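One structure, as structure tokens, below. Some questions next.
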Amino acid sequence: MTEPNIYLPHLMRIARITEEAPSVRTFRLEFVDDAAAQSFHFETGQFGLYSAFGEGESTFCIASSPTRRGYIECTFREVGRVTAALADKEVGDIVGFRGPYGNVFPIEDWQGKNLLFIAGGIALPPLRSVIWNCLDLRERFQDITILYGARTVTDLVYKHELKDWTDRPDVNLVCTVDPGGETPDWTGKVGFVPHILEQLAPAPADTIALVCGPPIMIKLTLPVLARLGFTPESIFTTLENRMKCGLGKCGRCNTGSSYVCKDGPVYTLEQLNRLPAEY
Amino acid sequence: MELIEKAKQLLETGAVKAVLGFEPGTHGGRRPAIVRRAERAARLVFDPGCAQNLASYVTRKEVKRLGRLAVTARPDTLRALLQLMAERQLREEDVLALAVDAGGQVVELETAQAMEEHLALEPKELPARDRELMDRLRRMTREERWAFWQKELSRCVKCYACRNSCPMCYCEHCTMDCNRPQWVPVPSHALGNLEYHMVRAMHLAGRCVECGDCGRACPVGIPVHLLTFNAEESVHAQFGQRAGASAKLDYALSTFRPDDKETFIR
Amino acid sequence: MTDTFEPKITAFVCNWCTYAGADLTGTSRIKYPANVRVLRLPCTGRIDFMLLAKAFARGADGIIISGCHPNDCHYTSGNYHARRRWMIYRDLMDFMGIDTNRITFSWVSAAEGAKWAELVNEVTAGIRALGPYAEYKELVHAGVE
Amino acid sequence: MADTYLLSNAGLDALFSAIRADGRRILAPTDPDGRSELNPVGTPAEVAKDYLQTTLSAKAVVFPKVERLLSYTLAPGQVELADAVPAAVPTVVFGIRPCEAGGFQALDAVFNWDTRDRFFNARMAALAVIGVGCTRRDDACFCTAVGGGPGATRGSDLLLTPMAEGYLAEVLTEKGRALQALAPDRFQPAAGVDKAALLVQVPPAFDQPALTARLPALFDSELWADQALRCVGCGACAYVCPTCVCFDIQEEADRQGGQRLRAWDSCGSRQFTLHASGHNPRDTQGQRWRQRIYHKFSIYPERYGMLGCVGCGKCTRACPVDMNLQEHLVEAAQA
């Protein structure tokens, strides 16, 4: 008789924990309930609310690719009450997951195009989902270029995957660290992402750019893309605003009349340009 | 009106950047007005209906940014300004008070000393209604007091109007907003409400200037001001000092006397 | 019911005097009721009043706060500051209708093992006589629909 | 079209008895200690005689200030979830004004946008509203500027308009008909009653469609910061508001288990949008005040095809610094 409780999370067991960088971890989560696992579908770009029971919920993107079935992954940095509690969890522990929520990257529309991923620091996870999604469907796309920067070498996340991507002939990975963040054996670039992008000078024709990073990186990267000739319609990013419900009800994630939890988190620059900067 | 002339002159000469005063509001009431241009000073009023303690604005980021302020002040406002100076939240040179002297003249009080001297003429007394309710509460049995407060606090919606109206609640990061640890439950259930009002009163003990603005602000009519009044009276009775008496006052709970007298420690 | 009631008592004690005193009670083989749960803090000056509220909210029927005698504080003046705090807080609690008979403040030095045992005995008996702190326990889940 | 009847005072007494005999509680404005609040009543005699509105709105009946969304027990490596089912007490709210009755639709718009909120819906299903039209107003009222009126029917199942003796009763919905069916012979035929003449006049205070049309262009105006200079940033306006729906979700637990609670929240508070990183998209009171206005007068019309404000004026009456909403809207409309 009663309607389902939309606030009730799925129980997920932590199958694997990867230490990515100082206070940054990746959880691989598997559904406790088989039926839930079977019926669960998501698309790249979507997010969820993850519970540390006893402390509350926190919002992160799903960092794994929908092409990899049976689990989801999330990557988070310990910054607050919930993420600190999550960081204390061990393999086998139970956490909660509500989702998937939000819109998706329209990768269907990108067939035959070049993909340029630009990410900074802890903002690689949302793009990592798209990257693996596209790599698992590699034949549908032309060139795939990944420009990833972090403050220091230790701050780079997914280090093992960066190695995979380096080794793949069908991916052009460019890693960079901020000046002073390099180690003696660092073989990547040194410099800020916008500068490296300028040097790289990717051609805008038939290319989709996906940009995720700290606000300052995004702010300085977008003009570079514009100078290179990228149109606002060809540039995608994801927003992260504070959320409590993820369902368009709690009232805090909106930027103008756009609710990041429902209309986002994926936006083109063209869409963002029409919204007030409440993010 | 004298106040309007003073306000105009202060704004015109640039002596202050804004005048905190009162203007007519809804239903014939009086409400705070922050006047930044001389030509807007004409709407200022200052009469017994002007009940609020405008000192609560001088620590607000957006108001502070305006520059030097003139504050239309009742005695409690002066006490709050002095207490803010004692707590190093307000510099003497950043504010001047516009008060009314015994002869009904508007006077400019430019220094803490002038404010202190003005106040010395006005002994602090609680409004009769508050005094009566305080006394009635103290005459109750403990169980009756518990029932009284539980009934009153059950109406609390944790809107924080009491906190946000208080001239002494200027903390950038209030205990209520702290979640590591979550000292006080956020929701306004019975425990959350009790703990909130307990913390508020304790954090104002020795600092409350007894203006009663917290109680006045409460949309559901909880006499929350009696809690801070009680804490303040307790400080006065036991340690002999009153918040707002001077711009040089040690916080009663961060100091001590070896001969502080209590009756309950075993 | 009351004859089977075992009071839950939370004791907040300072590390340097009362905790050592309580330790001495043990090593002196002086027996005292097991109703008391001792929580050691560096100094009574560190015992925030909210800890008392939290103890009641978590089901304590009685509370003991104890530290160094005046003039004996390891940190010189923590206990003096604590004393002032309790003088105000106790008044406030009483004004709010909280049962101050359920809270006992004391000074117990490292040498006063016997005083600690006596204190715990008396407090336990006192709280047993008062019964469970039902009012406060009822509060804990009230107001949630 | 509504069915219109006459309901005498004795008839209302009988209707109250019949409602209670039907196992429902009746909440109505009462004035204990001079406050005006909704409380359970048994008879119309217990209802406040001379109230304008209650301080808090009736939204708490369907959207309580604190409610449980779920609970759980914890053991090492294990979590046992327990779903929460709202206790939806069959309730009749009597005597709220037409403005406030209209507020339930604004709540419904958000709670059931795209996904359905069980908690709100269960309580809403158990609720019937007997509104009472307005024979007086105060300076905070502006219902007619936002599509309502002293005799507006939206949101009421039964709307009573006070007459010299008894009431003009409009049966407006299925739920209203069910109420009528509890005391059918008390509803007498009415003819030739001029409803409008019984009600107070509220001239529209501003041109709302024009205001809504202007808001997008005013987004970056200094106006909002200027207006908000007086605002102390408390949540009184949001918590008394019949349409403010924004909420917080809070966890309360110990080692054995806990619960997840939903609590009212307010866009006026700094914490509302504060990120864990310290970044805050709405960092100033001016931005937060703007959000309050835009949510009600721009976002609501765009997303849900209705306003997020019913013009009841509760926020104005509750505000400790008299942030008169109507006045600020008029100012914006003229800016």
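What to note about this one:
For reference, chains read A, B, C and D in written order, and residue numbers begin at 1 within each chain.
Going forward, a residue touches a chain if its C-beta (ideal position, glycine included) is under 8 Å from a C-beta of that chain, and two chains touch if they have at least 3 such contacts.
Everything numeric in this text was worked out from a predicted model, so none of it was measured.
For the pair chain B and chain D, chains touching both partners: A, C. A count of C-beta contacts for the chain pairs A-D and C-D puts A-D on top.
Chain A and chain D have Cα centroids lying 39 Å from one another. Here the spacing of chain A and chain B, counted between their Cα centres, is 48 Å. The distance from the centre of chain B to the centre of chain C, with each centre set as the mean of the Cα atoms, comes to 34 Å. In chain C, the positions touching at least two other chains are 143-144. Among all residues of chain D, those that touch two or more other chains are 66, 248, 250, 254, 261. Annotation for chain B: residues touching 2 or more other chains are 187-189, 192.
Each chain pair that touches appears in this list: A-B, A-D, B-C, B-D, C-D. By the touch criterion given at the top, residues 137-138, 142-150, 154, 183-184, 187-195, 197-199, 201-202, 205-206, 226-227, 230-231, 234-235, 238-239, 252-258, 260, 262, 264-266 of chain B touch chain C in their complex. In the complex of the two chains, the chain D residues touching chain C come out as 64, 66-68, 86-87, 254, 259, 261.
Against chain D, the residues of chain C that register as touching in their complex are 58, 143-145. On the side of chain B, the complex with chain A involves touching residues 179-180, 182.
By the touch rule above, chain D contacts chain A in their complex via residues 69-70, 72, 74, 77-79, 81, 83-85, 110-111, 113-118, 121-122, 219-220, 245-251, 253-255, 258, 260, 262, 265, 267, 272-277, 279, 281-282, 287, 291, 294-295, 298-299, 302-303.
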